[in-house]
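In what follows, subunit A forms one complex with subunit B and a second complex with subunit C.
Our next item is the complex of A and B:
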């Protein structure tokens, strides 16, 4: 076990090295092949690790392989090691599996792009960091992965950096994430201060024996959560994610739906033993999560950019995952993370397929419009059947239609909110679920149903995407449908196998604060019934407005102009941030720069530099080049030292 | 006084180096088309020597009736010295046989002689690092020095080379006089002892009434070694000699003799004279502070990269002296010595790497200059070479994640543990100061417009040196554990200062 665990991240890293160094000489075919093969290998290794893990007794499923001591400075001992337990096993399977599918898709999507090798090199590097993040057995290692995926995401969002807006989006993602990372770092410092160790198991062991006041857990939990809020795009740091849609669509699918943004959820779940020590911190997690879920869903109601809708939907769904963790149902949060990885990756890839086709049609008719605006789409159902049907499958899954993956995971979160006594959270989550069903079907109807609303003649050039793109869609489509079947709850006579599998990873948390949630079956059925009802009403609502009576939403929009504009402009949060933070900071910074920096700091630095330069020129004059001078100077030194030693 | 045949085992690396030196010189006489053969021979031989040094690691203990020690410290240093010589040899050949249009720099040097001298200097240093007797200390220093005098002046056609050799020789002879006089005084004061352990014991037996000339002896020996380390105010030879010598020799000189002399300093002062540390400690304190400060300040105002690196090398000697001071404290002997070993390894890699790139850039210039201005805008033309140079500069400045950072961290933290807090503060301030001139090169390469494009022509051997140095710096900067463990183990397997001589040094921090 331990002897190949570290290969899982290392194989993609090898791909990065090869593609990064020799990519341009190898040619596109070889680059694509190498890029996909290394991820495929990582996936195979992940499966092997998973199978091996299954061979152990459930509570023995904790394998730590310390490779070497990475850093040792006094009390600080940081091993470089991997931790395989049910939680990380699920994560590596999801990460490498979904990444593999998206890599294959990218071969088609990025075909002919000038930066093909660079793209695959970055993508491989991203997967390396992501796998390091979920496999690392200590906070510093996790932080390296954390920073690494941030860096790669920055590089990939700004991939077409010739385009100024896209480069700016990359920067925005980077800067907003810095705020979160600062919180993460402070949390890690607090952890080290409190426990003197930085491995997960080391901290967990000490938490079990903790007798001192528990305030420290609140602060650690809060700081770590700030990190999670940044990475997983929650209120108030979500603003970077919609802008990050500027990158290539497969990147959005991989980084901004399936993997990196879930790192925050993974981190909170990994630290379940910290959070259960502080109900206050958990409360914050739950409320931020549910507020984000609702808030982002309302924005998604009116967006017209296909990727923007999906971006806000991602933010909203990430909110659900935090709700799961926040109400103490960490396994439910991770379940939703997994099903969301399937259907959201599929939705993004499907959107990519649509954009690909529309762009193609635009190119053929010499039209330079925005190929992502759903107001000028419609009727794609007949042109791109595979894309359509897989997209519908994913939409049904995210809407929470019974039987599909999203239903089981989302329902579990809502049910656990009620069962663990967070009814208010549960009710808001239900409202958001209604909105989710609505805006997702609005997207489907506007894109695929009706008739083409673009220019005449363009529709003749709309084609289904090549097989290398539709095959990944199909695979993800199947996963979106059946992915939830391993989590069918007991109430529906399922085995809740997934939850049981994850249990050992949250054993410490469970030991500290067992959740005595409600087990009332009628109550569970009621909640489930309401969820299903809401999902179906959402779908019917969208159908009523966008198929049967397309004038209704327009009328409503003109009637409630203020509300509509508010939503369309995303509550003006970007503008508010821009005013409150960016402008003010720039203003203050400008003032500081003019006064403090130029006058005082520069003055000081220049003063010191000038002083040193002056001193240097003085001392340099001692270097006359004459041996006799040197000998004299040495003698002076000898006399002083000997004189000191003798007449001390 | 008995001769134990197994003692030979402890000096196998030295024997191998001398044999190799003779072999190389003879081979040059016998074969034609010899440049490549000679270089390959020397490289292969040095690899063997390195292996031998590592293999003799476990043969810890004194040998030849206490004249030398084959302990952890000496084997680590021998391996390091062989490594220094190895990279110096690798970078030498292209320097000695320049491309036809590059002004004939280095012409007329016989490669065999050159490698031979380099190897003999290496042998001298190896003797020095294992010396546990004043006689062997002197033997090592002189063997090293004489070979280095020749190497400094080996480009006899250039006036500067000759000047460097003569200056080095004259001042070196002057310093040797002090060293010998000091040894004589120590010999007299301890009742005819030359063995370091015996000297230590004799001084302890003397009790509180020690003769004045004992202190004078200690002071003079210190001055002799300070000269070799190029510590202020005995550093004046260094900038001129470093600049005038052939650049590979400069790289070799700034890394090797420093390592060897520092080891001798630890053996003599931490090993034999800890009882007198109340006297020499403050003197060394002041010398260390002056050395790093002066080195850094003058480095800032240099315009020639060889001179800049020369002053930077003086500054680094100052940091290392902080470690040597901490090694004199029994409690921190291990961590300080291990820190010094780590530091020296890091310094050797980053310094040789920087000198190699300096040679490449200078070769791209018609006049063969070493102006810092030549680095302006280099990154656009040579991204990889510039990246490597930036790495070396960052490491020299001691910024993580490089080996230079951990070297400083280990040495300074040992010094803090030994109680030299204000000295470490001075050292850290100096590190901050040094960032200025190291990063200036990086800024020139990346952020300045190109003035006169320098087309660097990479030679395979040079590229190899750069890659080895860069990888080493990254390896020890990202994963310092292995090397640190080896250094720790080596330090703990050293012929240690006797516990009796343990003197609390904590109160010497002023």
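Our next item is the complex of A and C:
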């Protein structure tokens, strides 16, 4: 077993090395082939690991393999080790699987790009770090992956670096994430202080025996959560994610929707045994999650950029995952992580297919507009059927239509909120679900239905994307539909297989604080019924406004101008941050340099020098070079000495 | 064979050889310099591979730790000895010096066109001076090397420097002199009083037999610490550094940042902490405070710089703050982190200065605003610059993270508040380096002069890649280096009563 666990991340790393060093010489075909093959291999290895794990008794499914001691100083001993348990098994499957699909799609999407080799090298590197993040058996190892994926995100957002705005977006992502990482680091220091070890199992073992006050768990939980808030784009650190859409669309699908941004959720789930020790920290997780879910959904209502809508939707859905964790239903959070990876990756890839087509049409008509603005789309349904139908499947899934993957995972989160006594959180999550259904169908209707609203003649150049792009869409489409069937709850006569599979990973948490949630079936059916009703009303609402009566939203927007502007401008949060944080920091820094460094310290130094010079210029006058002067001085001196000796 | 003496004095021999050359024999001077410094590195490798990492476990003084020790009378009337030897910490610094110097010399081949012979002469003498400082186990010998190395550095800045070089060179030498005078007083005090019934400059004996009263420790700590703090430089004694760096030739900056500053931090570990432990405890709070201020202050000021070299210079203030914070955390993690961070800073900042020099030679400007978009023209340069910047930012997997992480873990155990403030430096480092990187490398090319820039030459590539090897090595497998200094650090901690 332990023999090939390392290979799972290392194979993609080999791809990075080959493509990074020799990519330009190899040519695009070879680069694409290598790039996809290594990820495919990682996926196959992940399946093998998963199958092997299934062979064990459920509570024996915990395999740790340590390779060498990475970092050691005194009591601090950090092994380079991998941990395979149900949680990480799910993560490596999702990560390598979705990555493989997106790598294949990228062959078509990035075709002909100057930086083709660089793109695949970065993407391979990303998968390496992401797999390390989920497989690492200690906090520091997870942190390596954590920072590594951040780096790749930075590099890929600013992939087309000659565009300064894109480079700025990349930098913003990195720096905002660093603020979160700061929290992560402090959390790690607290952990080391409290437990003297930094492996997950080492800490978990001690938590079970903990007798001292539990305050430290609150602080650890909070600090780690700050890290999660940065990486998973929650309030107040979500601002980097919408800007991150500057990267190539497959990157948005892979990094900024399906995998990297879910790292925070994984981290909270991985630390379930910490969080259950501190109800206060869990409460914060739940409330930040639900607040973000609602907040981002309201912004998504009015955005006109196809990728921006999806970006805010991602932020909102990540909020749901945190709600799941925050109400103690870690498995529900991870379920949603998985289904979201399917349907959101699909939505982004679909959006990429649309942008590709629109850009193509623009190029052919010599028009240089923004190919992502849905106000100038419409009627794409007939032109690109595969893209359309898969996009609809994903939209139905995210909207929570019964039977599709998103329904099971989202419903589970909402139900567990109520069942575990967080009704207020549950109600807000329901409202956000209504908004989700609405803005997603608004997107579908504006993009694919109606008639083309761009320049005349352009619509003739709109074509379906090539097979290398539509095949991945189809695969993800199928997953978006059936991906939730392993999660069908007992209430619907399913086996809740997925939750059961994950259970051992949360065993310690369960032992510390068993959740005695409600098991009332009628209550569960009621919640489920309301969820379904809300999803359908959201869809109908969108249909009413964007198909039947397109004037209605415009009228509303002009009637409630302030509210509309507020949403359109994303509550002016970026502007506020810019003023409160960026300008203040730069101002302080400038003052420190120009005033303190130059005026005070150097002023003092140069002042001492000047003083010496001045003293020197005075004493210099004594050195006249005239013998009679010196003779006079001598005489005066002799007189003084004799006088002193006489009168002392 | 005495490889330690050989390592120390080989450069000096090279310098003497150079005297025999004709004045215009530029090419020969270059070859002699490169050859001797490379041979020096080879000689030091013998030390590296011959070093016994297990020696001196549970040591309480230097006696058990020293390897390659040589002890011969020098000035017998004053009981001064030629006493040299290496422990783990000094071995690491010796290796850093012998590794960086040939790279500096090779890197100067194109940029130094005036007074070529003198330049390499100064460089070789400088190397001997630095190596001597790290190996000396006699206080007078130490002081001689300490002062001797000032002169060639002064000349490197003052003769081969930029337009404002004289001001910078004088500032550099006066700042350092002020500190070292008090240190001399401290050394004399130790000579007369440290070991009862004996007058000795021998550091090993002072470690072993020294009885330094608590009241005297406070003054001695102050006298030594001032000299070292200026050298590090610690806030607020840092203002000589940006000037010296901006004016110094590229190789001068590399050796200055890479190695010379480490003489200050080395001094703290070698003298202030183990000899004056009681005072060290009293001053620890202040030192940690200054270190944290340095970390944040250096980073903030760095952010505002318009000159790339000055930006890197100020970032040194920040990075050395981490070293000092680790040393004064008084635990294994902090002090090992501080030690490895000395090496990291030497590699990363050295590489950054070299990279700035690469582009300066091509365009004769270091202003950030004169660039933009050059990633397109110089992709290899851009890639290496990115990796080095990331190492400086502290990205896990590269060397900087190892040092910073250990330092912060250690500091957090001693003082959570300071550690939390220091950790914010992690955010700022990303800001100033990535911002600079973006303005230099990304966007469209705005200055026509930049369109004709050529990518790295073979020599430049070899130099940079050899540094990168260690940047990655320390990041991935730090044990190679941490295990060298472990016993020495443990000794210091034992003496501190930890």
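Throughout what follows, the second predicted complex is superposed on the first by the 596 of 648 C-alpha atoms of A that agree within 3 Å, B and C clash if a C-alpha of one lies under 4 Å from a C-alpha of the other, contacts with A are read in each partner's own complex, and residues count from 1 in each chain.
In the analysis below, contacts are C-beta pairs under 8 Å (C-beta built on N, C-alpha and C of every residue); 3 or more make two chains touch, one makes a residue touch a chain.
Everything numeric in this text was worked out from a predicted model, so none of it was measured.
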{"item": "Partner chain in contact with A:639 - subunit B first, subunit C second, else both or neither", "value": "neither"}
{"item": "Partner chain(s) touched by A:69 [first = subunit B, second = subunit C, both, neither]", "value": "both"}
{"item": "More subunit A residues in contact [subunit B versus subunit C]", "value": "C"}
{"item": "Which superposed partner A:424 touches (first subunit B, second subunit C, both, neither)", "value": "neither"}
{"item": "Contacts of A:148 with subunit B and subunit C, given as first, second, both or neither", "value": "second"}
{"item": "Which of subunit B and subunit C A:609 touches, first, second, both or neither", "value": "both"}
{"item": "Partner chain(s) touched by A:181 [first = subunit B, second = subunit C, both, neither]", "value": "second"}
{"item": "A:627 touches, of subunit B and subunit C: first, second, both or neither?", "value": "first"}
{"item": "Shared subunit A surface residues [contacts with subunit B and with subunit C]", "value": "68-74, 609"}
{"item": "Interfacial residue positions of subunit A with respect to subunit C in the complex", "value": "68-76, 140, 143-144, 147-148, 151, 154, 158, 161-164, 167-168, 171, 174-175, 178-179, 181-182, 185-186, 188-190, 192-193, 585-586, 588-590, 592-594, 597, 601-602, 605, 609"}
{"item": "Subunit A contact footprint on subunit C (complex, rising order)", "value": "171, 174-175, 236, 238-240, 297, 300-301, 303-305, 331-333, 336-337, 373, 375-376, 390, 395-397, 401-402, 405-406, 408-410, 412-413, 416, 419-420, 423-424, 426-427, 430-431, 434-435, 438, 441-444, 477-479, 482, 486"}
{"item": "Subunit A residues within the subunit B interface of the complex", "value": "68-74, 80, 609, 612-613, 615-617, 619-620, 622-623, 625, 627, 629-631, 633-634, 636-638, 641-642, 644-646, 648"}
{"item": "Subunit A partner contacts - residues on subunit B that touch it in the complex", "value": "166-167, 170-171, 174-175, 178, 212, 215-216, 218-220, 222-223, 227, 232-234, 236-237, 239-240, 279-280, 282-283, 287, 294, 297-301, 409, 413, 433, 436, 479-482, 484"}
